[in-house]
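We call the chains A, B and C, going by the order they appear; numbering starts again at 1 in every chain.
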Amino acid sequence: MPIYFLKRVLYVIPIALAVSFFCFSLVHLSPGDPMDAVVSPDAPSEVVAMVQRAYGFDRPLPEQYGRWVLRAVQGDLGLSAANGRAVTAEVFSALKNTLLLAFAASLIGFTLGCVFGTLAGYFQGSLLDRLVTGIAVGGVSVPHYWLGMLLVIIFSVELNWLPSSGAGPGSSSDWNVEWAYLRHLILPAVTLSVIPMGVVTRTVRAMVADILAHEFVEALRAKGLAERQVFRHVVKNVAPTALAVMGLQLGYLLGGSILVETVFSWPGTGLLLNNAIFQRDLPILQGTILVLALFFVMLNLIVDLAQARLDPRIQRG
Amino acid sequence: MNNSLSLSRHDALDRGGKAQPLLRVRGLQKHFTITRGGMGRQAKRVHAVDGVDFDVYKGETLGIVGESGCGKSTTARLLMHLLAADHGEMVFDGDPIGQRGGISVRGMRRQVQMVFQNSYASLNPRMSVEDSIAFGPQVHGVNRRESRQRARRLLDQVGLSSRLFAHRYPHELSGGQRQRVNIARALALEPRLLILDEAVSALDKSVEAQVLNLLMDLKQEYGLTYLFISHDLNVVRYISDRVMVMYLGKVAEMGEVEALYRAPAHPYTRALLSAMPSMNPDQRTQQAPLVGDPPNPIDLPPGCRFCPRCPMVEDACRDAEPALEACGTAHQVACRRADEVMAGAVPVKRISEESPT
Amino acid sequence: MSLTLDGAQADAPVPAPVQGYWGAVFGRLRRDPVALVSGIVLLMILLAALFAPWLAPASPFQTSMLNRLQPIGSPGYPLGSDELGRDVLSRLIHGARLSLLIGVMPVINAFVIGSAIGIVAGFVGGRTNSVIMRVIDVFYAFPAVLLAVALAGALGAGLVNSLLSLTIVFIPPIARVAESVTTQVRSVDYIEAARASGARSLTIIRRHVLGNVLGPIFVYATSLISVSMILASGLSFLGLGARPPMPEWGLMLNTMRDAIYVNPWVAVLPGMMIFTVSICFNMLSDGLRSAMDVKL
């Protein structure tokens, strides 16, 4: 048993290295000289050479990569090409907002998904089931950036209940969460929640229906168990998978929030990334993607380990 | 009828004459690695086939029997070169297979074909019966039209009306029908040797008998040689000329079918035969059937590998592995006490009492 | 319950209608109302895209400074006009061309490339397979949207780059499914039988493997089109895909973002189109999956 856990944990290392390599290559995938973003092309050649040396662009690529990884391990992802601030600080202050948004969206999506899925699974084939299934398909099919616009139109423009963009005044640095901040969080979180809502609904519905069709449930009922106890049984069987699906969804949201963050100008990693792309701020681009991907890898690891813990069959697979 | 054509093909391909074995197998070995060695761990190996020698003579049916896991099917797959053997030499009608100066594996596969146990899995579900049969000839350069004609002819020959069945798909057929298709498919390359790996084992008894009779007819018609693998001793006796008994990857005993069934020389064969239900109450023996599972083929006991279950085991058996030796005309056995077994001196002791868990 | 014995019937010929596999699948699909409606809607949008120049009442590029941001139902602008006074209906019809192209093409490309990778990996097996699949695993370290944006962002804005990055996004999942289906098929006896008949690997893949694995892979790929539509238009929405003044739904949504304060219901129309196509593909894919009885 510990061998599986150890193997799974160690497997993260090559993946993390590959991810870092991918992020490093991104800069070299992009057309043009990575220097262009730092110095204007018409700068005098000695200035270019100096900056080149400062950034290490004059070294051979493998060496550049090695240095980059070494510095990244120490938490140094370089300086933003646009404003000269430390990439690490920029990314992590944005990550705070993205995490909060993703957690809020997951919470909403998971709760709704579980309720909808259970109802549909219990009343399989009914009108309610069909309605819920429709909502679920809608949730995974809707372009969420468009849904965000719809919500803004309804709740900000027409009803004027909620703010349509930004994160309120006290958003930038501290973890101090205030009402103004939460008000700004509501619309993006609801928008983003439809994806996990759809996915969780589908999973839970399929599993509940499957378990209820099993003979052991009939046996339980035959033994005279109350419906409440049968329900506990269903929950026990569905919960691990639903949680695992949710864990992965949380990861997808971390990366997937970019479009929603753009719609609502939510100051998270997505907006940071979007700005970095258009300012050709490659260190920020690189750093943001690296941090998000590593976060996703760790989340996958946690989900896998938790699942293996709950379901011993996985370890043998 | 077209069989005169195939017979003449066989005559043309025949090289060493009747006396030369069609297939000669020496020292065939296949071990499967389960856990890889290294990092201080001992590599674990399954001795699936562990040094097997035998000949298949032209025109005979050689039966191979043994419990599941004794290496019968692995032997068949090694012969077809579907698995690569670790060691061993296979000579087809005088030509070493897959060696310089011999016959190529592809060439061998034209002359040796195989019918698998699972009639459903061995047919491509997306191919019509006709296409499945015609596939082999097409691979060997027969054009589409001709190969289809051959497929239809073969369907009729295995007792399935080509008019009704040619365009059916496997899921539209019964088990017996599918196995007939598999036989036709194997015959489509006009092989000289047909390996039947538990080919009738999954069929109902009545269907099994029909297919067995079909096999006997086809053998006659095409002058085929069969290697018939089964766990069913009755069926093997019915169809075979000679029998080879395998135990844990090795040959325990081999001989003419009637002689061997009448007077088995290996305690294992004896146990197998006594476990066989007989229709005649007088022939039912008091001997307890074989009890216990074969030892784990990963950790084989030293010496004779039947020791842990053998009612006649003595200390010397545990020291050295007995070699396959002659014990009468065309009868070979790998047992130190074969003479006593043949004489009927088997203790009444139940095998289960001996077998360690 | 009937009292027939299974054994007694076993060898009797089964009268079965001669009907191809795809005929049966199509028949089942046609009896699925949801899939049928989705299919018809998609077909209509596809036809609109093909015949856009004849169907569209006006040019999608004709601007008019006097008629900017007209509401739905204005004379000459049945679905209103955009921020430059172009006819929204005409732009929606013309936009179907580009939006469908950049949404569907990546999946088609990835289907071809991913299937090839996965089938070869699965068929060859062993160490080659492990190496290929480990490389594929690396791509699973990125959420799809992030990967698409990262690649498109690094490669630079543009249609070709957005197509390319989405293709790269969808290759790994398709390759994974292809590998797993092929690995299952590879160990089935009919592949052994084909090898025993002396066929070479390529022949076996072509005649025996493809027919049995392409169906499930195809079904899986169709389920990705919906995501691909959202992502492709999303990239355009971010300004990484189609460039102005091309009519493309995601880009239209972006350029009309500010119009939500003036004329909200015109501004959301392009998103409505993306949603419709995406949901129809999703439901058609679900229908196809059950019609083909694919379990992934």
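Some notes on this structure:
By our rule, contacts are C-beta pairs under 8 Å (C-beta built on N, C-alpha and C of every residue); 3 or more make two chains touch, one makes a residue touch a chain.
Chain by chain, the UniProt names read as follows: A, C = Peptide/nickel transport system permease protein; B = Glutathione import ATP-binding protein GsiA.
Remember, predicted model here, so these are calculated numbers, not experimental data.
Arrangement of the chains shown, judged by which pairs touch: a linear chain-to-chain path with two open ends.
Chain centroids computed from C-alpha atoms place C closest to the centre of all protein C-alpha atoms shown. Per-chain CA centroids place chain B at a distance of 50 Å from chain C.
Chain geometry summary: the mean Cα position of chain A and that of chain C are 23 Å apart.
Distance between chain centres (mean CA atoms), chain A to chain B: 58 Å. On the chain B side of its complex with chain C, the touching residues are 77, 80, 82, 106, 109-110, 113-114, 116, 118, 121-127, 132, 135-136, 139-140, 164-165, 167-169, 172-177, 182, 185, 189, 204, 206-207, 210. Only residues 14-15, 18-19, 22, 26-27, 29-31, 137-138, 140-147, 149-150, 152-153, 157-158, 251-256, 258-259, 262-263, 273-274, 276-278, 282, 285, 289, 292-293, 296-297, 300 of chain A touch chain C when the two sit together in their complex.
For chain C in complex with chain B, the touching residues are 7, 9-14, 16, 18, 21, 188-190, 192-200, 203, 207-208, 211-212. Across the complex, chain A is touched by residues 134, 137-138, 140-147, 149-151, 153-156, 226, 229-230, 233-234, 237-240, 250, 253, 257, 260-261, 264, 267-268, 270-272, 274-275, 278-279, 281-283, 286 of chain C.
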